[in-house]
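Next, two complexes with subunit A in common: one pairs it with subunit B, the other with subunit C.
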Partner chain A sequence: MSQRTLPRLLQSPAVLLLLVWMLVPLGMTLYFSFIRYVLNSLRRPEWTSPSLSNWRGLGNYEFVLNSKDFWFAVQNSIFIVCSILFATVILGILIAVLINKTFPGQGIVRVLLISPFFVMPAVNAVLWINMILDPVLGLNGLAVGGINSLVEGLRDAPLVGWFFSMWPEFEPISFRATQTSAYAVIMMVTWQWTPFAVLIFMTSLQSEDQQQKEAAILDGASTWSQFRFLTLPHLGRPIAIVVMIQAIFHLSLYAEIEIVSRGNGNKNLPYLIGEFANNNIGAASATGIFAVILANIVAIFLLRMIGKTLME
Partner chain B sequence: MAIVAPPSRFSKYGRPVLAWAVGLLFFFPIFWMILTSFKSDADAVKPEYLFVFQPTLENYLNMTENYDYWRFAKNSVITAVSATIFTLFVGIPCAYAMAFNPSKATKDVLMWMLSTKMLPAAAVLYPMTFLTKSLGLFDTHFLVIMVLSLINLPIVVWMLFTYFKEIPKDIIEAGQMDGVNTWGEFKEILVPLAWGGIVSTALLCFIFCWNEAYWTVRLTTTEAATLSKLIEGNRAPEGLFFGRLSAVSAAAVGPIVVLGWFCQKQLVQGLTFGAVK
Partner chain C sequence: MGRIVLDKVSKKFGDVEVIPPLDLTIEDGEFAVFVGPSGCGKSTLLRMIAGLEDLTSGDIEIDGENVTQVPPSKRGLAMVFQSYALYPHMSVRKNIAFPLRMEGMPQAEIDKKVEAAAESLNLNDYLERKPAALSGGQRQRVAIGRAIVRNPSGFLFDEPLSNLDAALRVGMRLEISEMHERMQTTMIYVTHDQVEAMTMADKIVVLRAGVIEQVGSPLDLYRAPRNKFVAGFIGSPKMNFIEGEEAAKHGAHTIGVRPEHIEVSASSGAWKGVVSVSEHLGSDSFFHVHDTGLAETITVRAGGEVGFRHGDTIHLTPRDDVIHKFDSSGLRFE
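Up next, the complex of A and B:
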């Protein structure tokens, strides 16, 4: 056996499996996106099986681009992803800087902090939308109810009663409503992924140049300028990585959206694809191709960055 | 001369207090779920029993009756364990060849593998449903195992590659001089040296398999349905069953969260593909 044969043989199962996994379904999606293909049609039964004779060209793409749902789903996807990114990066940096120095119980705090990341998405969503955010029975409802009865009691109090009788009755926010269900998703995913950002920023902070820091302290640099001119630039790269990895994960959020409101008023691209796939396979496939393009825009930058460090 | 900043009042008192507050705040939802799981369904929604209540084990004892928990848990264990083993079985030889016999194409192959991970799953939803249904694989353990393996294979190869790369080549070459064949080289030198890396890769792969919530929900109905599917199917109890729902949720995530504590470090490497050190 030649020098090259064995390594190739060892790599081939993994490569072949991934090749099939990627090419076959994606090729089918591409094909379906160019034909008329629906699951049920009484008037046009010939469209219910995939065939080249039902060629539609770019018709499915046109249909998708002209549908209001599609643009809403794109905007909503971007809104959800950007909000989560903003919150996790800011919180991640603050918390990482906070717990990076030794203090009593540092190990335990780390364990507490990282825990949300390992909760399965379905449980995360069920837990938040019911036990925490439910407007009547969740902590959200109970807390607002508590404040209301407290204010109610103070209304009859002597001296200050007039003040509290001018307070309104508070209404708990329902996070299952069309306008608010996206906020619920943003909240629960931020809770789950902030630990990830913290972990990465902490790993990176540990490799920060301490001598440079000491020199800055000697020069009388304030804590803020140390952070602004030393720590933050040092975190530039990890921030970029956190942003891109999360963007790729969150562009395909599904379980949370399904559980919170069944996509009611809060569809993203994967959810819209699922809805189209109940009948209009052509449209679902065209939407799928758009989702691939959107994800690839992020992926190209991420891959380039990872590629640079790969062979170091 | 070492320069030590004088300990400010913040770092002495403020930091620990604030850090503990943040840690407890993030853990609170999990704590709340565990607490609720010990309340009866009726008590779970009453404000007067928020923290003080009569603890009960009935939610855990009735998990089989209420949710058929163990059937789903069994499916989760079977699929996640098999997928982890299969992924390692395919991934270890691949990463081994890449780390010790890299060719010009190795970097490109690694990057390409990673790019498969970045395809949005939903884009191939219908073809997967169509293919698996026509091949008779829909809702089978085999299918779930294969899908879980394939979505985790890129991460596993990457992680193993970064571990194997750290092993000095001289050791392998010395082995070759002594006439050790590839299998011996692998078994006697590589596995003992990279054992820690292999174990943590396996743990992380297992966690990801366990938590997967797109394909396990879309490609199963009953036979091969995992815990993700079970929880997703009971999404909105409207307050009626908070106690029992908390118990089944806590049982579904508890072991994994504990397992996760042990692989925090590897998580960074596994999810950033070695780009953050």
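Up next, the complex of A and C:
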């Protein structure tokens, strides 16, 4: 045996297991995506069991590409992921810088800040859509109602009454509507994932070299310049990590979309797969392959970006 | 210009007074070294001069102007840190240019100044590298370059050589001394290494627990230390202190004899002892002598060719003219 054979032999069970773990589902998805396969069909009962005799070629792919929701789902997936990334990174940096200073009660504040991350996604969605964003019973409805009654009261006030009587009555926004449901999802996921960004950025800020800051102070750098030229470059790597991990997680959002609007005006690829999978497994599998391709494109971009920051 | 005056400067951290009120004047163009054991407040004092630490009381003047409330960057001082404190994401060029960029200097002028500083520090070949790709000595040079380009009225060094290996340290020591000769700018240098203090300083300030024990030129401190602490701190190897009967013969509570002021002989001498360890450096030999009945160990320096070994009997004779006498409170008297 050569020197390399034994280690490779010892590694092989684990590698094989992982390979099987990955290749079997991928292979099955590929197989299903090329055949006609539905869960229930009274007209064509032979399609209800997977078989090569039901070969459809690229027909499923064509069907998915021509379905009205596909391109919308692709765009919407990217829109949701990018919006959440943008918001969590900016909020995360701001909050991390803010709580990096020592202040009384910082232990409790830090625990409270992290806690949204431990809420289950479905619970998070139910809480937000019912208690905060609901146009009647939620904070949204109560706040708008409060403003309206305040303006109502001020209309009769002396001196300023004429000004307020020009104001219209405000309408609360319904976040289950077609136009707004994506924003509801972005808001609730941002709330849940900002703590993750804060946690990572905070650890990184604590490892920042204080002597560098002092040198910068002596060099005449303002607080903003210190942040811009020292802290931000120092955070480059953690930002890349946060973006990569979150992108992978948010491409597969499902519970929030289901609970907010059941896909009304707001679908992503996993949700579309779910819809197809109600009956048409072939189309769902084809969509799954598209999702894999999209995830790989995103991953290549992200790996490039991270590689670049790691090189610097 | 760069005359720095500390007037009753003091510092408290909470209730702990690390520096009791202290007066000190550093003349323009002087190379002053703050030396003392670790924790003596020498770095704190330097940081107070730089403006990185607030004063609890007292005033700092630079060139006659009270700068106690002036922010660090406006004091006209540049500092070189122990960890170099280079900006890791910037190239050497950008590191050196950073203070000028913060001043808002035009780019053409910045380039000229950076090139000139790099030239004088032999950094031209490394200008586009990141600090991580440099050796310790090169990083130190970049830190000095960043200080030089600001054209400060004074340089502050906070143990700048302690992260370098021994050979490099000697080289950088010479370079900093040469830089001082060339620029004739005020420099304050903090170290715990008395060799650095002796070789570089015009004026040594010996500190203990935030209190100035003595201020003077290296040779003044060597010849006439004010007390036992300074006598023990300056000079290498350390001065031997002898108490009791032998000291009483000289009318003192304690006498101090430097290792280099003792004659050795195999046959006869004032004191007799047994060599426990002998260190041969080639140019010199150091003998640690036990069983003299005077002190636990007497250290002696002799020529490189003197060849006592472990266990040999040795006779010692101190040179009478250079015996230091101390009273019971540790102060030196003639």
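In this section, the second predicted complex is superposed on the first by the 276 of 312 C-alpha atoms of A that agree within 3 Å, B and C clash if a C-alpha of one lies under 4 Å from a C-alpha of the other, contacts with A are read in each partner's own complex, and residues count from 1 in each chain.
The rule is short, and it goes like this: a residue touches a chain if its C-beta (ideal position, glycine included) is under 8 Å from a C-beta of that chain, and two chains touch if they have at least 3 such contacts.
Note that the structure is a prediction, hence the values are computed from the model and not measured.
By the touch criterion defined above, A:G220 reaches subunit C but does not reach subunit B.
By the touch criterion defined above, A:P233 lies against subunit C but remains apart from subunit B after alignment on the C-alpha atoms of chain A.
By the touch criterion stated above, A:A277 is placed in contact with subunit B alone, subunit C being left untouched.
Of the two partner chains placed by superposition, only subunit C is touched by A:Q212; subunit B is not.
When subunit B and subunit C are set side by side, the one touching more residues of subunit A is B. Contacts of subunit A with subunit B, set against its contacts with subunit C after fitting on chain A, overlap at residues 214, 217-218.
Subunit A meets subunit B in the complex at residues 3-4, 6-8, 10-11, 13-15, 17-18, 21-22, 24-26, 28-29, 32, 95, 98-99, 101, 103-106, 108-123, 125-132, 134, 136-139, 142, 145-146, 191, 194-196, 199-200, 203-204, 207, 214, 217-218, 237-238, 241, 245, 248, 251-252, 254-255, 258-259, 269-271, 273-274, 277, 281, 284-285, 288-289, 291-292, 294-296, 298-299, 302-303, 305-307, 309-311. Across the complex, subunit C meets subunit A through its residues 50-52, 71-74, 77-79, 81-83, 85-90, 98-99, 102-103, 130, 146, 150. Within the complex formed with subunit A, the subunit B residues making contact are 2-3, 5, 11, 15-16, 18-20, 22-24, 26-27, 29-30, 32-33, 36, 45, 47, 50, 90-91, 93-94, 96-98, 100-101, 103, 107, 109-111, 113-116, 118-131, 149-150, 153-154, 157, 182, 207, 210-211, 213-214, 217-218, 227-228, 231-232, 234-237, 239, 242, 245-246, 249, 252-253, 256-257, 259-261, 264, 267-268, 271-277.
On the side of subunit A, the complex with subunit C involves touching residues 209, 211-212, 214-222, 225, 229-230, 233-234, 236, 312.
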